[in-house]
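Each of the next two complexes has chain A plus one more chain, namely chain B in the first and chain C in the second.
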Partner chain A sequence: MDDTLLIRGTRVESRLFLGTGKFADYNLIPRVIKASGAKVVTVALRRVDYATPEENMLQYLPEGTILMPNTSGARTAAEAIRIARIAREAGCGDWVKIEVISDQKYLLPDNFETIKAIEVLAREGFVVLPYMSPDLMAAKRMADAGAAAIMPLGAPIGTNRGLKTRELVQVLISEINLPIIVDAGLGRPSEAAEAMELGAAAVLVNTAIATADDPVLMAEAFGLAVQAGRKGYLAGPGATQRFAEASSPLTGFLRNEAEVTP
Partner chain B sequence: MKVTVNGKVDELPDNSSIAELLAARNLPPEIVIISLNDEVIKRDRWGTLRLNPNDSLDIVRIIGGG
Partner chain C sequence: MTFCDEISKLKDTDVAGLLGRGSQPIGSILAKTELQPQDFMALLAPKDPTSLEDMAQAAHSLTLKHFGRTILLYTPLYLANYCVNHCVYCGFNATNPVPRRVLTLPEVELEAKAIAATGLQHLLILTGESRLHSSVSYIKDCVDILRKYFASISIEIYPLSVEEYEQLIAAGVDGLTIYQEVYHQDTYSLLHPKGPKRDYRYRLEAPERAGQAGIRTINIGPLLGLYEWRSEVFFAGLHAAYLQRMFPDIEVSLSLPRMRPQFGDYRPQYPVSDRDLVQGILALRLFLPRAGITISTRERAELRDNLIRLGVTKMSAGSSTAIGGHTDSKDGIGQFEISDTRSVDEMRKAVSALGYKPTLKDWHDLRLAS
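Let's look at the complex of A and B:
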């Protein structure tokens, strides 16, 4: 069975999307990408600081990587639209992760401004993947506005706290006819597997890998967890029940059936 | 002449090009993206396009991000 993820007709060969922030050294990035198997990689745009011009991080990305520039730093739809256009003109391709944030404590996304940005950018031919707070009605509006996928947060950005929004993400998976990609907050491979078992189409991980003691090994662990979770979802887990049910027959060896029955 | 660069007022010789601005500020052209008055300017025009007083430029680069 072909289980390749499709985003607006593009085949994406890995269900682990990788963020490239917070790495101690850009030289780690190609190794992390390889170990994780990730094909979609996020980058950010920033105004240059005269004092510390740095190298071009794109040179660290392997050929065949799908770039997903984000609009981090945008506080309004207009700012997000502007950043997206600059990224496309700069040769980053058509994909964009919309991220509109004005809350500085929890970095929770502004769904309302995000919807406005999607409307404009989808019309301009962008493949728009919005980072959002998991709310069903907002997700429906985003789908109607032309989003290519919906990316609800698992927990606030950079917190490594796991799938705290599980119940709400489950609603999106069940009700929205677009890939649901859990973005932000996943801290451990088991949490990525949990999201995938739930039926998420993919997960986006950055901090958990970048801040691990061994980012390359953690990238590999996340890659495996995403595959395991996906297979678990496809396999269809058995029902849960309250009381034990023996896996091996209890009768016929030391006792006969009449003695076991209470 | 005065122009705005990355949100701050900057003083440049009249008729400066984008290439001259980058050279004067020691910015390697290969790592930056230029947006002039909200329009991205392609690299091949950086040497010829002359800036005007009160132009607003953004000099942007791509960095790691999540």
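Let's look at the complex of A and C:
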């Protein structure tokens, strides 16, 4: 069966998305992408430096990479909208990860401002992937506003604390008819696998790989963990929950009996 | 309550005396997820080498977690050295017979081109305090030119009103650097005998006014050497924590500049050793895990390289403290002597060699989009 992730009609061949911050050397980035198998890579527009070629992160992305600029640094919807437009004018394509953060302590996203930004950008034809605090009603509004996927946090950015929001993410996976991509907070490959087993469509990882002693090896480990978690989801209890059974294998005989009883 | 009001409650407390007391155990402090001011005090108290190394290890891993292996590079651009203040420790003191100069707008553009050619995208512009020679409207005109060349422009000028900060932010300024110089109020009065800078409170509250005006980054600090360093670092740390609390969307950072030889005969009354500086940086990093820490070319190359792993996140490079210093072949008199004279290119290579990414751009001017 074809299990390729589809985002707004685009086939995405890997369920591991990568962030590009905090790396000690841009030369690591193509190696990390290759080792992990990732296809979607997010880059903060604030760090794209066109003035100095060797400082331009975009030069380090292998061919076939889907670039997803992000609005890091935006404190309001208006700022996020401006960053998205600048990115598109600069040739970064139509994908954008909306990230609106006005709290530097916990770096928790502002769902209200994010919804406002999605409404505008989706109308302008962007493929909008919002980073959000996992809240069902906010996610519904983001879907209604035109989001192409929903990216709830597993734990605050950069904390490497794992899938602390498990229960809330599970609600989104059950209720929202869009890919749910767990973004932020995953610190270990096993935690990425956990999110995938839960039914996440993909995960986005940055700090855990960038600050590992061996980022390339860690990238490979995350790539494998994501595949393992996905297969576990497809093979295991997730599959039985996803498809309603027409009859109950163990108690079906009771119903049959009832049917023949006058 | 402003920060000035908050610390006035400590006016009668001998903070320097408290901080100078014997070594305190720090193991339990390093295990905490969030430090309180009393923990910060304990980290600033005298330490044996083992405790200092333990602090360094903890500071290193916290910095890695929050900032990764990256160092943001920037450079200062001195626009003018006219000054009406009488800061007794400063080379540009109004009474010092140094040649005074203010860059013309074409000269500003030449300096901008020279700096931009090095690849740097983050600029810090400086003036003395002279509303006559370096007025807010002059600085605004300079920013109009500079924003064509740089991704981020910060100001290190005299304290402004909220409205004036708003004007400069609208023109393209996104960062404020302002040093209180000395937090200890009696010493402040002694060292600033004349001029508008005598007003301790107006200067101390400048970051709050810039915050109200919507600035994106604020960098503060004491000038080490003017008073007991432990007390000065303690108050600077409290000040940064206050700004983080009051303005959760602003990136707050700190510098710990040490007095350098300058024109004039003032010599620091409270010398600060390398070991003291390191302890100050470590204590700040542990107390304020997400605050940026800046180290300038006042410090020598070897020490700066060693400080990278201890919590520093921003460094100046290719600096000149003279007016027109990025284009003039002849050396003008600078505000103070530079110690690390490496070029931007050499700095980039040195940072890379240490396993860190020298970052030239970490902001984008949002006013360019419709």
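What we mean here is this: the second predicted complex is superposed on the first by the 228 of 262 C-alpha atoms of A that agree within 3 Å, B and C clash if a C-alpha of one lies under 4 Å from a C-alpha of the other, contacts with A are read in each partner's own complex, and residues count from 1 in each chain.
Note that in this section a contact is a pair of C-beta atoms (placed from the backbone, for glycine too) under 8 Å apart; a residue touches a chain by one contact, two chains touch by 3 or more.
What you see is a predicted model; the values in this text were computed from it and never measured.
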item: Which superposed partner A:L204 touches (first chain B, second chain C, both, neither); value: first
item: Touched partner set for A:M137, first chain B, second chain C, both or neither; value: neither
item: Touching partner for A:K22 - first (chain B), second (chain C), both, neither; value: both
item: Touching partner for A:M1 - first (chain B), second (chain C), both, neither; value: neither
item: Touched partner set for A:R85, first chain B, second chain C, both or neither; value: both
item: Contacts of A:A235 with chain B and chain C, given as first, second, both or neither; value: neither
item: Partner chain in contact with A:R75 - chain B first, chain C second, else both or neither; value: second
item: Which superposed partner A:K105 touches (first chain B, second chain C, both, neither); value: second
item: Contacts of A:R46 with chain B and chain C, given as first, second, both or neither; value: both
item: Set of chain A residues, in rising order, touched by both chain B and chain C; value: 21-23, 26, 45-48, 55, 82, 85-86, 89, 158, 207
item: Footprint of chain A on chain B - complex, ascending; value: 6-7, 25-28, 30-33, 35, 38, 40, 42, 58-66
item: Residues of chain C that touch chain A when the two form their complex; value: 64-70, 116, 119, 121, 151, 216, 244, 248-252, 290, 352, 355-357, 359-364, 366, 368-370
item: Touching residues (chain side chain A, partner chain C) in the complex; value: 21-26, 45-49, 51-52, 55, 73, 75, 79, 82-83, 85-86, 89, 101-105, 158-160, 207, 210-211
item: Complex interface listing, chain A residues touching chain B; value: 19-23, 26, 29, 42-48, 50, 53-58, 69-70, 72, 82, 85-87, 89-90, 92, 157-158, 184, 204, 206-207
